[in-house]
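One structure coming up, written as structure tokens, with questions to follow.
By letter and in written order, the chains are A, B, C and D; residue numbering begins at 1 in each of them.
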């Protein structure tokens, strides 16, 4: 049964491909796999209470409106429950699987395999983000897994760490707030920091603690460090902006806000504002609007036949790193306000889907 | 006919010494832990760090005071996280903020507490009217409150821009953190309510022998609802305190607080079955956890194993503090 | 004739399959003490619960001072001036005596929602003073002894006086069952005083007491009111005849003491001591012998029994079981060595109310009712049926819930638990006849003698010296943690006076 | 049987809004999603019946998944057996500490939760993928006649435990301890042994849940099952088992698991706006339990 579906789907795709090659028309051709009215866009993410996720959703909705598919846009929230993320995907695929596109922010790397397997079995289309998926690649027989849009967390770690070290003039002690330790970004971003520290012997790592990506958890830890190390702390490195902002408030309570450099990752609006005020040194944005929309754009291109079937794409186009931006005081104003759809429209065009790819991932 | 005065061999009362030890077990654990950390790290036992510990214990203490009332009456409140989220958002939206044109100033505190009280009231009504066990009733109510918080949060969390409230959240008075002072007042109120009001006394009665309470004609349901509402008020207040400290209304503001609060109350000597225990004990429990968390940061254990070490310390501390209470007929659930 | 204070007409109440009360009609006049007597399970407690509003009648009508009432809960009855003391001392363990006495009626001691403790204690003291007992109103209830708790419960029933302008109606269910003489006297005196200003319903199985304090007596049998008599003209024998349908013998049948052969030693303790509880106790417990322990509270009797059952370890001395030195790690260890125990508070310690009669009986020796894997329910039920017959347990079936049985029958189930398996070596009985009526008491004590005849070594702590002397072969008197006297009941023929002298 | 009615009403209600929900495919998906919760809930029921609570189950499941994933390539089936033994042992150890040191099960298992997840994190750091010998556990993730194997396995285990509760001494003792632990003690039951055994069994169930997670995701992860703790406890209670102990059964738990599983996805499937999802979920929980609580045998609702 399962093989049949895959088989017929593959046959259909091969047919479409053949037609696409013979046809000179750049627009949708008659044998596109799905009618536009059938296409369903699904953004699957953790929740929509945090700014990053809010922007993911906004990006997805922005694209749906731009593509005239807003009524077919579905948001799935798992509230941090990996099991639920998979279950939700499987439930919606009871109908119309073959015209459904998933843009997935995986709750944890463990959901990757079940989700892409589900796509394979049901014929749904999927684009995944973020995590390092060891031994799992779209080009290894996953025809429906359009692409994996990864973020090079180690580079991100290096980028913010460089800014931090520079702000400290290359000397002094720093404290480190980790994210959830079992996640790939937490480990890789820290690896980036360690790489930078190796080059700057003047900077010492005083202490490190996990604060679970959480602002409220970061606050008392920072307070305790201030009690223990006092002014030996010359910099604060946080694995995300939320924790950086929690540490910043602890610094504020000690009258040190703006005097001790703080860096974070994610580029959430509050952090950008803090960077603009000079209370944070830098943050890195992977652009949630883009991440929330690019997978859907890829899917629509494939489903309407405007792009060839994914299995014909090169490996670099199916698994690549996303370009990220480092936000510092210099460019903070530029990222302070919400972007418009027009800014992204060129990057959603079917021939320009890889404009932010920086090279093959993994 | 002659008869004698006999309690039966199983109800031989504990001696006074044992009774006294029983009450001081949690305190002993707290002391042992503090001394242990002080020996392990010389910077631990400083005034500056004491301030940090008191500050970090402030919000959990306010929560634990309320939770003590709920657990003592034999119920439980799992809605802490959701309710804190909703109250935090409300607080941030009604004081000077970057989103709404409302500015209630200090009245934001009672507003947040009132919302908590309303949710607590709803908890109590679901438990008493629908007769849903509090475990599930509050679990459901927590989800509802979380949803409400998400609606209020919308796209961007509201940032608090009232400098006075921020200063209250972050600053100190007489060398003590403002929030710790606020929590201490809550503790005093809690002690007073526990000792001098029907709400407090009936909590013991309802938790210890609900059947007797009903048979004595107490309006058990009313006081149960009141217990939940009181806890709700304090949850609202705690949410406002945490928001004032962090400077925003935050859906995740209560993360981890539910389990932490219940743990503090339980290691403070209030059994989950209810009927005994005191706010004082819960305060000791809160301080124990605060010292533990703070001490872990000081020791700087490897982050990987931190959770394991913390769990092991809690276990050992509780075992040591309770070892003398062991009895062949003691029932512990 | 004075006016009617409380009247019940045609009250009926059903519990599951059993009709606990059948069309009972009863009348209490102003300033009258009315006795209600009957066997366990005759429906006395049910009647009182109905009168107090704790449960609702299926049929019938209650009226107070001529007005028909329908109570939704106890509070309604309390507001009408009815104070009640239930048989099971229903106090809250974790709060003070004063709070228990005034539970739900603290009003006068509360101003602006704040409890004024001094006033609360003063109010409680008034109620306690009526009974002439010296218990601090500030004491935490769980630190009180059983009898003290009983008195506090009585004081609570009296507290209704302070709240009603009408003459109160006091309902007392076995107020004396666990009290010593001094306290019983206080209770009876209080009832006498109540006659001046209140109406009282007095339920007791101690018929002498009932005859002494009551004006009229209702006799109940099988849920019905079978007779109403004048206390001045009635006698114990007459009441008993009405209760059980025939006259009772004087007391437990027991073997002629001379025929008693001294058995071999089962358990021997030598110089046993523990903290300040007891010291230097040297005793031999023999197979086939009933050894009664007598002593006031604090004499060390209870504590010694705790050690015998493995609840507390002795700190000095040795225990020898069948001549072998033995250390009891915990009660299960004791049970493993066939030393078993029937507790005093059967409802919370002896039986599991929510389990069936059969499951309760087999709980301790469940292994013997198991096949290779599973519990053999067929065999379980058969054995349960057997013991239901043997001990004359009144239960609809072996699968009925124990909580539906009367106190005496529950006690029999608690005893049967130790009889369904192999015979225990040693049986420790903790106040086995507490709160039981004459018939149930006789059944239990007879069963104890029967077991002794079968060679079981029995240790008994009894409620009354009557019971003690009726059933024991040997009486050991303890005082201040030491043995102060030993008597062979058959040889020395100790009087109650003699034993009392050894106790104090 | 109130929980059953609630389950049917829920399923039909959602089916009316989203007809495709009633398809064999959807129900299979549901059963699949329920299977891990089911395994956890079985163990939890044993503890709750006894009057305790086990907060460590999900963390122990995560730890087991890590151990299985790490050892599977080398040991094959032995890794699964070994990991299950470890899980049962850790569970039993908690029971032993709870019973012997007389510490509330809430505290012991909370500490156990911390210790298990700490160890899992320390030995695995992050996700451990399984490729070699996946087939040892892989069969759990497959289906026969549309029925997910993991679910069928869970139901079989539940049936076995139900029989054990009804027919073995262990079950009788469990209820006796839940209803009146003091009577159990005085009847000479070695309560500490029963508790140790019960917690061992719950540890085993956690282990099996961990194995199922490995099968489902073909990897082990230190936090893989953590989010399932509350749903699994909720399932036990939704079924009508009293948290105060002594009442309830595994049959009720099965229904509770199904109800919780339906509720978890139903709200999302029914197309309620995401922000209103938690609100709808919370309301549904309250309403469902209001119907399923067995008030006849639970006198006082705590």
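We take it that contacts are C-beta pairs under 8 Å (C-beta built on N, C-alpha and C of every residue); 3 or more make two chains touch, one makes a residue touch a chain.
Here the structure is a predicted model, which is why all the values come from computation and not from measurement.
Common neighbours of chain B and chain D, by the contact definition above: A, C. Among the remaining chains, those touching chain A as well as chain C are B, D. Greatest centre-to-centre distance from chain D is found for C, with centres as Cα means. The interface with the greater number of C-beta contacts, when B-C is set against A-B, is B-C.
If each chain is reduced to the centroid of its CA atoms, chain B and chain C end up 42 Å from each other. Chain geometry summary: the mean Cα position of chain A and that of chain B are 37 Å apart. Centre-to-centre separation between chain A and chain D, using Cα means, comes to 33 Å. Per-chain Cα centroids separate chain C from chain D by 44 Å. Residues of chain C in contact with at least two other chains: 331, 343, 349. The set of chain D residues that touch two or more partner chains comprises 121, 125, 182, 185-186, 275, 277-278. Shared interface positions of chain A, defined as residues touching 2 or more other chains, are 48, 181. Interface note: chains touch in the pairs A-B, A-D, B-C, B-D, C-D. Note for the complex: chain D touches chain B at residues 51-53, 55, 97-98, 101-108, 110-119, 121-122, 125, 181-182, 185-186, 230, 233-234, 237-238, 242-245, 275-286, 289-290, 293, 295, 299-302.
Residue ranges on chain D touching chain A, taken from their complex, read 20-21, 23, 25-26, 29-30, 32-33, 36, 121, 124-127, 129, 131, 213, 216-219, 221-225, 227-228, 264-265, 268-269, 271, 274-275, 277-278.
Note for the complex: chain A touches chain D at residues 48, 74-77, 79-84, 86-88, 90-92, 94-95, 108-111, 113-114, 134-136, 180-184, 187. On chain B, the positions that touch chain D within their shared complex are 10, 74-76, 82, 126-127, 130-137, 139-148, 150-151, 210-211, 259, 262-263, 266-267, 271-274, 302, 304-312, 314-315, 318-319, 322-323, 325-333. Touching chain B in their complex are the following residues of chain C: 54, 73-76, 78, 86, 90-95, 99, 103-104, 106, 110, 113-115, 117, 142-147, 178-181, 183-184, 206, 208, 294-297, 301-303, 305-306, 309-312, 330-331, 343-345, 349, 430-431, 461, 463-466, 496, 500, 503.
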